[in-house]
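First chain A sits with chain B, and in the next complex the same chain sits with chain C.
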Partner chain A sequence: MIRFLKLYERFGIFIFIFIGAVFLSFATPNFLKLDTILNIIAQGSYAALVGYGMTLAITSGGFDLSVESSMGLASVVLAILIPVAGIPLAILGGVVAATCVGVLNGLIIAKLKVNPLITTLGMATIIKGVALLITSGKMIVIKQREFLAIGTGKILGIPNPIYIMVAFFVIFYFVVYRSSFGRHVAAVGSNESAARISGVNVDAVKIGVYALVALTAGLASVMRTSQALIGMPSMASGFVLVVLTVTILGGTSLTGGRANLWGTMLASIFIAMIYYGLNLINLQIFYQMLAVGIVLMLALFIEGLRLRFLKAAKAKGIKV
Partner chain B sequence: MSSTEELLRTEGLTKIFPGVVAVDNVDFDVRVGEIHALVGENGAGKSTLIKILGGVYLPDGGKILLDGREVAFSSTHQSQVSKISVIFQEFNLVPDLTIAENIFIGREPKTAFGTLIDFRRMNAKAAEILAILDMPLNVKSFVADISVAERQMVEIAKALSHESRLIVMDEPTATLTEKEVRKIFEIVRNLRARGVSIIYISHRLEEAFELADRITVMRDGRKVGTRLISETKKNDIIEMMVGKVVKDYFAPRTAGANVGEPLLEVRGYSVADGVEDISFTLYKGEILALAGVLGSGVDRLLQSLFGAIPKKGGEILFEGRSVTIEHPRDAIRLGIGYVTEDRKGAGILPAMSVLHNLTIIKLRALTFLRWLFIRDREETRQFEAIRAMLDIKISGPGQRIIYLSGGNQQKVLIGRTLIGDCKVLILLEPTRGIDVGAKAEIHRMLRELADKGLSVILTSSELPELVNLPDRCIVLYKGRMAAEFSRETMDSEKIVAAQIGQSTGGNGEPG
Partner chain C sequence: MKNSRALVWGANRWERYGLPFLVAVILLVFSLLSVPFRSTYNLASNLSFASLVSIGSIGMVFCIMSGDFDISIGSMSALAGVLGASMVTRIGGPGSILLTIAIATLCGFVNGVFVTKLRIPAFITTLGMQFVYRALAYIYTTNTPVYIKDEFWLSIGSGSVLGIPSPILIMGLCFGVAVYVLRKTPFGRHVVAVGTSKNAAMLSGINVDFVKTAVFTLVGFFVGIATVVTASYLGSVNPGMTGQGYEFQVITVVVLGGTALTGGNGNLFGAFFAALFITYLQNGLGLMQVNSYWQYVATGLVLILAISINRLKSTILGQREA
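Then we have the complex of A and B:
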């Protein structure tokens, strides 16, 4: 059992993807075409991108429930700035706006020592309010059609979002596993007081973590806004749960200290497969929410099971 | 004193875990109304043995006889029904319930209709039990608000309320101060007088000798032997435990190794809530002990010197220059290392590997351009140097730290300060919860490091560690310096007297 769970920790998500793939290839003749697969991966790229940020947050022993609102804010700022500042500066503005939300989250969590769950939940509501206030509750249509290319374009036949997902995977891989910042994040998540007396600047680490989560949310928002050509103050309802699901399903430990970035990316693709499958059998979009909820519960259940068995193994003196 | 009437006996008791025989064919017996010390290094099989008695594990072989009748416990409940209570190191208490509720948990007295808890009767009964053992506790206090020693008392009261005939205590004094230990001893003796048998596990041999009637030594899962305390010597027991002769339990002071120039000078230093006007000088290559019981302010002083809590006044000179230490990072930068007494809570990074645990303090310096990539090869090289120097036993640098023994974890934490180019090492309770063998090794190691020029400030609640290891000992009482002892004037009785406010001066008034 222990060996199985260890294997699961490393390769579990592949099993899910494999089962999903077998199922889909029987259910639809189109599945095994390259275009379909690329499309599914592109669909999963948003959850993956924000999932990288969430992986950091959970590794640091925290949480971020405000990603949706940051995305909404970024989308609105972007749509307003495009006509006056041009596309590149507008994108920068949107991402910076989102990142500021993250810095604020980090400051409150680190300096005022408010629980991350409460902080980001409160921030989610505040920022959503701000975004709605800016646009008086309306959506902003973007007239610059060339902006469409960012989210929907392809290079060498591969959709742009996939490039972004892969590029940021590489960046985050180095941040999480190879940089001193990443090591410090894991240390804070593993034992905050021990990290502090080891000279880790715990406050700076936390602020950095929440800024990075918000940065990924801002980038995801740019892509989505580009696809819709609309600035939406309340964007991506329910998305935060998807992001949490892929992070936990991917194997990042909820107890902090151990990240699994591969898992996050692959779990995003798995969720996209579920969405695709549900679409195929013409189920309503509400079923997608149902599915995400069930997968999240399942992921938490498996995580709980894993921790229990590891604890039991430790009690029996088995080296894991 | 104890009778020779037998309460419990095990015959050929065996427990096998994958790859290891944890308890190997053990014949062990406990008499009615005796205190039976159980000692042995970590991994000797003591914990497994008592877990079998407590119904946590089923034995793979052998039998347990209670009053001459064979019994088998497949759950803690069954063992409790047979009047055996095991008090584990991790207490089985609910912090958010009161003392009385904890004592009667699961069998609370009910009101007339049997539906509601009769709090008045429960509190009265709990108070009665506490009074029997002369425990100064309020039954309505929440367990979350009481000290570790008091929790221990609650566990004992709980065992007594089950009318237990055998109480097993697993290192009850590991985290207690001398004074609290006295109280627990008193209670344990009181239990014996009432005819209760006690199995007493301890790493502190002195305690076993003071308290117990008989002592059993285990090693590698086997019973080495049982002796009457009155007919045996400490050195014999240590020999039985380690299996080889340990001539000197403590690191000998290096003859003639003179201490160098002043490294850290503390002038008129005070910390809020209980540290006033402390002045001392730490020399290069010196081991200085700061002694004091709970409330003496030693812990707060040391935490403040490391920058973990703010100072109220005074000055610190490091290598002759006046320095400000407001944060652990400032201290680390200067070359001050700190090893906590709370290894689990504030020392190790449990989710991480040994390698990452050790190098965390120096990560920035090991990172290319400080922010980019960690230079793995350099990291591993420096880690390996420290690992070899401290002889840390691991299966590989990637092994998770929680799977190391206490002694090896402590070495990793000391190694963490050393890799950070530490010149002054602050050590709180350097060998708490560590077995005898590893203890001696750490003492030897500290002496070697000091001979190489490292300065050490340590504090300990174990008297021998205060008397035998350091070059100098300063005693704090109620936040002020009470006495100072040099190697020549070091005397355990005087140190204890100074700690409890009966200062006889040591070298005269400290300066």
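Then we have the complex of A and C:
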């Protein structure tokens, strides 16, 4: 069983994607075209991007429920700044605004020692209020059509979001697996007091983690805002569930200390495939919510199984 | 160390009288600032409104005491509400009220089973269930509100027994039962034991899984009652709007009420006063014509401040023991 679970950890998500692909290719002849596949991957790129950040947060033993609100704030700031400051500065402004939310989260969690769940839940409400206050509840239409290119354009036939997803995968790969920061994050996640004793600056690590989550949320928000050409204060309702689902389904352990970035990216493509399949059979958006909820419960079930067997193995003295 | 003794004195007083004091302050401030606020009608009707949050908070006090969260309660409320309200014409008012409570209880039980069997932190399990319940409510109604066509159910919100508005009566009854269960029954002590130390509770022969499942079922039960009262005020249940943000309000109230997130330490009366505080705060801000979006900011701040104060308090009181 342990061997099976170890194999699952490495290859499980491939099996999900394979089954999904076989199913979809029987369901529609359109699926096996390059354009369709690229579109599905592009759809998954938002969840993947924020998923990288969430992977880091969960690896550090924390959690972030405020990504939706950070996205809303970034979108609003972006839409307001574009006519004033031009596109590049506006993008910077939106991402910085989101990152500030993350730094605040990190400060409250690290310095006031408040539970991350409660902090980010409270912060989500505060920031939602702030974003709505800025626009007095309205949406802001963006008139600069050049801005559309970021989210919808293609380079060499491949949609831009895919480039962004891959580029940030590489960046996060180095941050998580190849940098001292990444090792410190894992150390804090697996045993905080041990990390503190061995000289890791736990507070700085936590603040960095939440800032990075919010940064990815800001970037995802830029892409979404660009696609819609509208600054939305309450954007992406339910998105946080998708992000958590891809992170956990991808194999990042909820107990902290073990990141699986690769899994996060693949899992978000899998979720995009489910969405595509449900669209094919014309089911309403509510079924997408139900499907993501069920996939999350399934991923949790497997994670629970894994933890239980690891514990049993440890008790028997088997090395895993 | 005279200073630290003063701190301990302050922390103790805060624990006991802090919230009633805050409620008094907020009543005083808004009464001075706003004429419509200080009318008897406004004060009494907001006491009734406070029951919507405070009834739901009873189960959550038990839940957080046992060391877990349930963040699916908003969606649970929507699902139970639409199912119950849609059955009014078939099984009558009292029957559909009981059905609503039964469905919410069942949802709570399902949460409990998942939490204990999966052995995964409850907040993430219930986060998943939050979306499942909400989606089921949407699918069942195809996203249309369900109107309550029953005089009896509708009269709960506006009715009164012996001059006391029925929501307040229901709230009092619920709190009475909960306080009795918490203080006088073995189950109440088991919840405290599980929340204080799961392993110690298990070793002393408490069936931890049973206690946890029962706690989540209780959450569902009280959410069911709150749903019935809320629906009778609004006259309808909306699959999208009902219970939106309810989990946030309830957790805020419980935490502000002094229930420790670390488990083992619950405060039912604190939750009641916190519900009064939040309700009068929102009512006051509304009557002062403060933009309603500020209320998001205000309640979010209250939550984070409340938990920081709780931490400070327990650190100060912990120092005394050391």
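The rule is short, and it goes like this: the second predicted complex is superposed on the first by the 320 of 320 C-alpha atoms of A that agree within 3 Å, B and C clash if a C-alpha of one lies under 4 Å from a C-alpha of the other, contacts with A are read in each partner's own complex, and residues count from 1 in each chain.
Methods note: contacts are C-beta pairs under 8 Å (C-beta built on N, C-alpha and C of every residue); 3 or more make two chains touch, one makes a residue touch a chain.
From a predicted model like this one, the values you see are computed outputs, not experimental measurements.
> Chain A superposed: clash or fit between chain B and chain C?
clash
> Touching A:100 in the superposition: chain B (first), chain C (second), both, neither?
In the superposition, A:100 touches no partner, neither chain B nor chain C.
> Taking the superposition as given, does A:200 touch the first partner, chain B, the second, chain C, both, or neither?
First partner only.
> Where does A:113 make contact in the superposed view: on chain B (first), on chain C (second), on both, or on neither?
second
> Give one of first, second, both or neither to describe whether A:178 is in contact with chain B, with chain C, with both, or with none.
first
> Now for A:230: first (chain B), second (chain C), both, or neither, which partner does it touch?
Neither partner.
> Return first, second, both or neither, reflecting whether A:130 touches chain B, chain C, both chains, or no partner chain.
Touch status of A:130: second partner only.
> Could you tell me if A:190 is touching chain B, chain C, both of them or neither one (first, second, both, neither)?
first
> Tell me which touches more residues of chain A here: chain C or chain B.
The larger set of chain A residues in touch belongs to C.
> Okay, in this complex, where on chain B does chain A touch?
17-18, 20, 22, 306, 308, 328-329, 332-333, 338, 340, 345-352, 356, 360-361, 363-364, 366-367, 370-374, 395, 400, 402-403, 416, 420
> What does chain C use to touch chain A in their complex?
69, 71, 114, 117-121, 123-125, 127-132, 134-136, 138-139, 142-143, 245, 248, 251-252, 255, 261, 291, 293-301, 303-304, 307-308, 311
> Can you list the residues on chain A that touch chain C in the complex?
Of all residues in chain A, those touching chain C are 63, 108, 112-115, 117-119, 121-130, 132-133, 136-137, 238, 241, 244-245, 248, 254, 284, 286-287, 289-290, 292-294, 296-297, 300-301, 303-304, 307-308.
> Show me the residue ranges of chain A that touch chain B in the complex, using the header's touch definition.
Contacts found on chain A: 174, 178-181, 183-184, 186-187, 189-191, 193-201, 253, 255-258, 314, 316-320.
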